[in-house]
Each structure stands twice: as structure tokens, then as C-alpha cells.
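Following this line, the structures themselves.
Here chain A shows up in two complexes: once beside chain B, once beside chain C.
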Partner chain A sequence: MTVSANPNNDHWLWGVYTNHMVTHSFGDTTFVYNRQSGTTHIFNLVSMAMIEFLSEKPRSMNEIIRDFPAYMGVDAAECPAGVVRRLFGELDEIGLLELVQS
Partner chain B sequence: MVEQDNKKEFQERRRQLLRLGAAGVPMVLTLKASAAQPVHSALDCSFVIPTTSNILVDSDGRAWIGSRGVREKSGELKVSDIDKFRQQADFVFPNGSAPSKFRPDTCDTQKGWTTCYRFYEIDSNTNITPADYLNSSGNWSLTGAKGLYLALASQYIDTYGNDGGFPGISCLTSILTYLEYQ
Partner chain C sequence: MKNVALSDLPPETVKRLLSEGRLYLHLGPYVTALSTKDAGVREFLTDMYQDCSILVGEEALVDFSLEVRAPNLVRRYIRRQIVADPGFYFPAVPLPVKLGPLCLEMGMNLCVALQSFRQAIFHAGVVSDQKGGIVIAARSGGGKSTLTAALMEEGFRLLSDEFAILCAETSFLLAYPRPVSLKNQSIDVVRVFAGADQVSDRLTGTPKGDIAYRRLRKSDLETANLPAKAKLILFPRFQAEAAPAVEKMDIADAAMQLIASSPNYQVIGEPAFHALMQMLDGVEAYEITYGNTEDSLMLVKDLWEAVDG
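Moving on to the complex of A and B:
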């Protein structure tokens, strides 16, 4: 199953290109315009939470898998690794993730 | 009080989205001028499952798909392996998703081993031809791990349609659509 757009080493830290984003929220939905690509994306509460989580500080893939469930206030079983990896892959694919340190 | 209720409601909406995410539904949509999805037209299509896709099923028909292993001893599965498998799952399906014949017959847990789950293994690069599982009268005859995979894939199509990155979906959709119009 394709779950992540990129290979990941544990010492690679990932952040978000917040400068590239223009956001407008309507209730639970956020429209995100990416200045670099010129494309608009629709985010839900989970994808926005991941953006906020990675905006706090850059994190490695292992840290993201380990800590994102607690950030969301749920058990690891409710937010399994596959969900986190796919979400990471989706954000990476639209060019919003920044490899801060490799 | 109102603020607490709002917070609870907000958390529940996020939980609901996580359940959709566990079934493979995308969390980000992109606005495009046109978004045509290629669909297989051949009914004899087959597809390859690229990575190890093991399936864990509980007595309510909930199912988890993931790449981890679960140790088995005399028909009993190791509880700690099951916990890890569930936490690391790639896809999660709700109650009733796995047909009853794929569910465990008994449910007993003792000393770290349980019979409350059944475990099916599919190796990486496994090829599945859905038409192999149709009998001569055009009904599905799903057996074994690959049959279970097809059963879950068709559940997925019913709920989410031909989208979301579940391997084999467009091939299976073409067959299901064909059968529907027969």
C-alpha cells in the first residue's frame, strides 16, 4: 500500500511551509491556497491539525506517528500509523511539507 | 459548560474524520479544473497488492489491514502483537465489514493469547484477479485471504467509491458495475 510520498530517515525533521500558505476557514473546513503551486486545497479538521502540529516545531516521521494521536487527544489505535503516513503523504504531495533537517 | 460541550463535539467530529482516514479516505482535497479518474474497462483485469497486506478480523467483523505480523500458536494469537497490529494498521474497517465466515468461531483470552481474532496473510506483490472469485452463475465465491481482501475492497467501494488509494479498487469497480447492469 502506498502510504508515504517520500522515504524517511528517523533523523529527518519535517516542518510546514507556512509562508506559502494563505488560509480561509469556514467552520470545520479550511481552504488553503499554496502560493508556490497556485493550487487551492480543501482541508478538514484532521489535516489542519497536522499542519498546526508540524508548525509548532519540526518533527521526524517516527515522532509524528508517535505524538500526533496525543495531539489530537485520541488513542494510538484511533489514529493508527497508516492514517498518519497517508496524511503526511498527502501534505507532501501538494508541496506543503519542508524538510528542515536531513 | 457550553464551551466544554463544544469542545467535546469538536473532538467527536475529528474522531469521525479519523475513522474515515483509517478507511483510506483522503484528508485533503484539491480543487482542479477537471479530475477524470481512470477506470479499468476490462473485466478480466487483475491487480497487484504492492506491500504485505495482512488482515486481522474480530468477532464483530471489524477488520484491520497492515504489514506487521501476528504470532500464532495452536490457533491462538498473541495479544501484544494484536495491539501493535491495530495501532500500526494502514486501513481499518468498521463492525460487519468482514463476512461472518472470516470471523473467529470462538472468543477466549488467556495468558496473553486469544482466539477472539483471526489473522490472514497476503504477501507483497500478490496478484489478485477478481473474476477468479465469480462462480458460473455470476455470484461471488470469496474464500481465503484474497477473498477476504476482495470482500473488504467491495465494502470500501460501497462506502467511499472509486477513490482513496485502496489497491485494486478501480479494477473491482469495473466488475461490480458490470454485474449491476446485467
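Moving on to the complex of A and C:
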């Protein structure tokens, strides 16, 4: 079953399927090959930061919204919850995020 | 098995081998077993591929099998038609028998595009010199083949007019030289700078207009076992009367356009990803816009001069 983060499960813990990914960087751009889907994606610095942030340890959506701006080194106002949720959703959509604990 | 040039085989032997499906054409990394009873296809093959290597023997390990034949018994005799049969179902529209050479070329392209499982294939022309390779990505009407043919006259060797064949192990481009497919106005353009005898007769009334082929050069066949390291990727854009212009492309855009043009990137999977990434390391990509062949050559020469050897 595929599940995605939404307002009803902001406490679930999410991580990254690191074994599913192969990456190669050119400057600020990172190519990500998803071994499960066979597709290649292009990530910017923010997307890669989210991957690295969730690779450190599984986090809930609440924690991501709270802590990701600081991880990026920006104010929360510059990285609002809506942006974080959308980015999270995009990474989840392409099959790179793992529901660790619900 | 031994290798001989196609022109060294007597015509009756070529006819027999083709009718038995045992003409083993050895080009670059591929061996193709060709089969046809059509005289027009046979004549085209023996003319345009005369210097190509043929494996002679009872049996050969082949990469592809291609038969060029009538689609059915009726169309063998009445309002004759011809179709390329690569050994698997493919929804190809039969063509009038006079377009047999086109059928052969399209069939050979089909084999490489859909049955190559060892190399990543990208839709592009490739030429090279001692510095390395230039990948000329295909865009509809972009002028890939005309530019490829023009660069051949400038001393570049032809690796392929149709496919950038990327070795998954080495990330080098492999040569698969075949006659360069020319369409409509580009036929006369190439006749002028390559010589009329270097271009085949014009096939008229094809689904893409008029088509002719720039003849294979012996020198390109003799060096077909030499791979090339990509140094430059071009995305040509022909616009009538356009002033010549160059725009550097983000390598990410270039990569995604190449991936989109690949018929087998998803099939090869992770090795294709690694090979592509390795190929792109240190490569620069440009979109070039031009209104005539002279301008396109000037742009490419300028870019190529700036590339480190």
C-alpha cells in the first residue's frame, strides 16, 4: 500500500530508501537514479538537502517542518510549511521516501 | 568464420546468402544476419555497403536478424510492397517496393534501437577526431544528418549518423558507421560538398519526403573499432535565414534530452546511468542555431577549437 504524509499523519516517521538511490553531482545539480523505478531525476540543492536530512534519521512531518529550515540555514519564514510539504510530497511521489513507523 | 569485404563476394554468392538469411554484416559492435529476395534492396546493399565486412561461414553468432520482404503473398506480385521484419512484431506500414533501401535502413535502425541490451543508445549523430567525439543530438528538423555529413568533409570520422552508442563499461562512444540519411533539401547540399557520386539515388515519395544516402567511407569502416570519448554535445537547430548563434546549455538539460531520446536507457538501467554520468563529466553542451551549413560548420569549429585535446 502506498501512503503519503498528510495532515492526519504528521507524527509518522519517514526516512529515505538510500539503497534505492544512486547519485551523481554536477555542481549544484544532482542526478538521482532510482533503482526501483529505473527513472532518473534531477535534484537541486534543496531537494538533495531534504534527502540528506531524512537520511540522518527518520523524522515526522512535524519535525521536518520545524527543523528543516535550520538544517538549510534559513529562517522558517523563508522555508514555510507549505513548501516543505510540497517538496516532501514530490520526493514521496517518485518513490524515494520510506515510511519507517506509523 | 572469416571476414571479407562485401565487394569481394561474387554477386551470385551475395544473392544466395541473402536469400538464405546468411549474409552476416559485421559493423562496429553488431553482427546482423540479413535476408532479402528483393533485387532493389540487394543492389543498394552491395553498392552502399561494398566495403563493409561480412562474416563468411556456416553459422555466426548474430546480434540481430533482419528480413526485408513482401508483407504478404499478394503484395509480392500485385502493387508490390515491402516491409522490414526484425523478428518481432512491430507496427510498420508496408512501403512500395521501390522504397526497399529505406526499408532496409529503417529495419537496421529498428534492430539497434530495440534490441541493443549491452550499450546505451541515444538518438544522435557522432563524429570524432584525435581530440575526441562530438555528439550531435537529434531534433526534428535540427539538421543532425546534414551537419554530420558536413563535418565528415572537414576531416572528422563518422561513428554514426543515427545513434550515439555508449559502452556501459567504458563510457566511450562506439562506432557503427552506416550511410548517412539525407532528407529533401539536404540531399543537394551534401551532393555539392561531398560530390554527387558520394550520394545515392534519390528515393521519392517516402513518408518523410525525398531521401538519399551519403555513401559510407572506407576510412570510417577501417577505424570502426576505435571508440571515442565524448568532448562536446551539440543540439542543432536549423532555422531558415537565422543568424548563427550559440547558447551554452545546462548539463542537466542536455542529459535529460539525451535520456528522452534513448530507446533503451530504461532497459539497460543503472549501468546506462553510470555510463551517461561518466560521459557527461567534463563535457560541454551547446545549442547552436544556424540558417545554412557554412554557418553551422563555423560554429562547430569555433566550439571545437576551445575543447581541450
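List of remarks:
FYI, the second predicted complex is superposed on the first by the 93 of 102 C-alpha atoms of A that agree within 3 Å, B and C clash if a C-alpha of one lies under 4 Å from a C-alpha of the other, contacts with A are read in each partner's own complex, and residues count from 1 in each chain.
Operating definition for what follows: contacts are C-beta pairs under 8 Å (C-beta built on N, C-alpha and C of every residue); 3 or more make two chains touch, one makes a residue touch a chain.
Quick caveat: nothing in here was measured; it's all calculated off a predicted structure.
When the two complexes are superposed, the chain touching more residues of chain A, out of chain B and chain C, is B. By the document's definition of touching, of the two partners only chain C reaches A:Arg35; chain B does not.
Shared-chain residue A:His24: touches chain C; no touch with chain B. Contacts of A:Ala77 after superposition on the shared chain: chain B is touched, whereas chain C is not. Contact with neither chain B nor chain C is seen for A:Leu99 once the two complexes are overlaid on the shared chain. Residue contacts after overlaying the shared chain place A:Arg86 against chain B, while chain C stays out of touching range.
For the contact definition in use here, the residues of chain A common to its chain B contact set and its chain C contact set are 39-40, 42.
The touching residues of chain A, when paired with chain B in their complex, are 1-3, 28, 39-47, 49-50, 72-74, 76-83, 85-87, 90-91, 94. Across the interface of their complex, chain A is touched by residues 10-11, 13-15, 17-19, 21-22, 24, 26-31, 49-51, 53, 64-67, 83, 86-92, 165-167 of chain B. Those residues of chain A that touch chain C in the complex are listed here as 22, 24, 26, 29, 31, 33, 35, 38-40, 42.
By the touch criterion given at the top, residues 250-252, 255-256, 259, 265-266, 269-270, 273-274, 277, 280-281 of chain C touch chain A in their complex.
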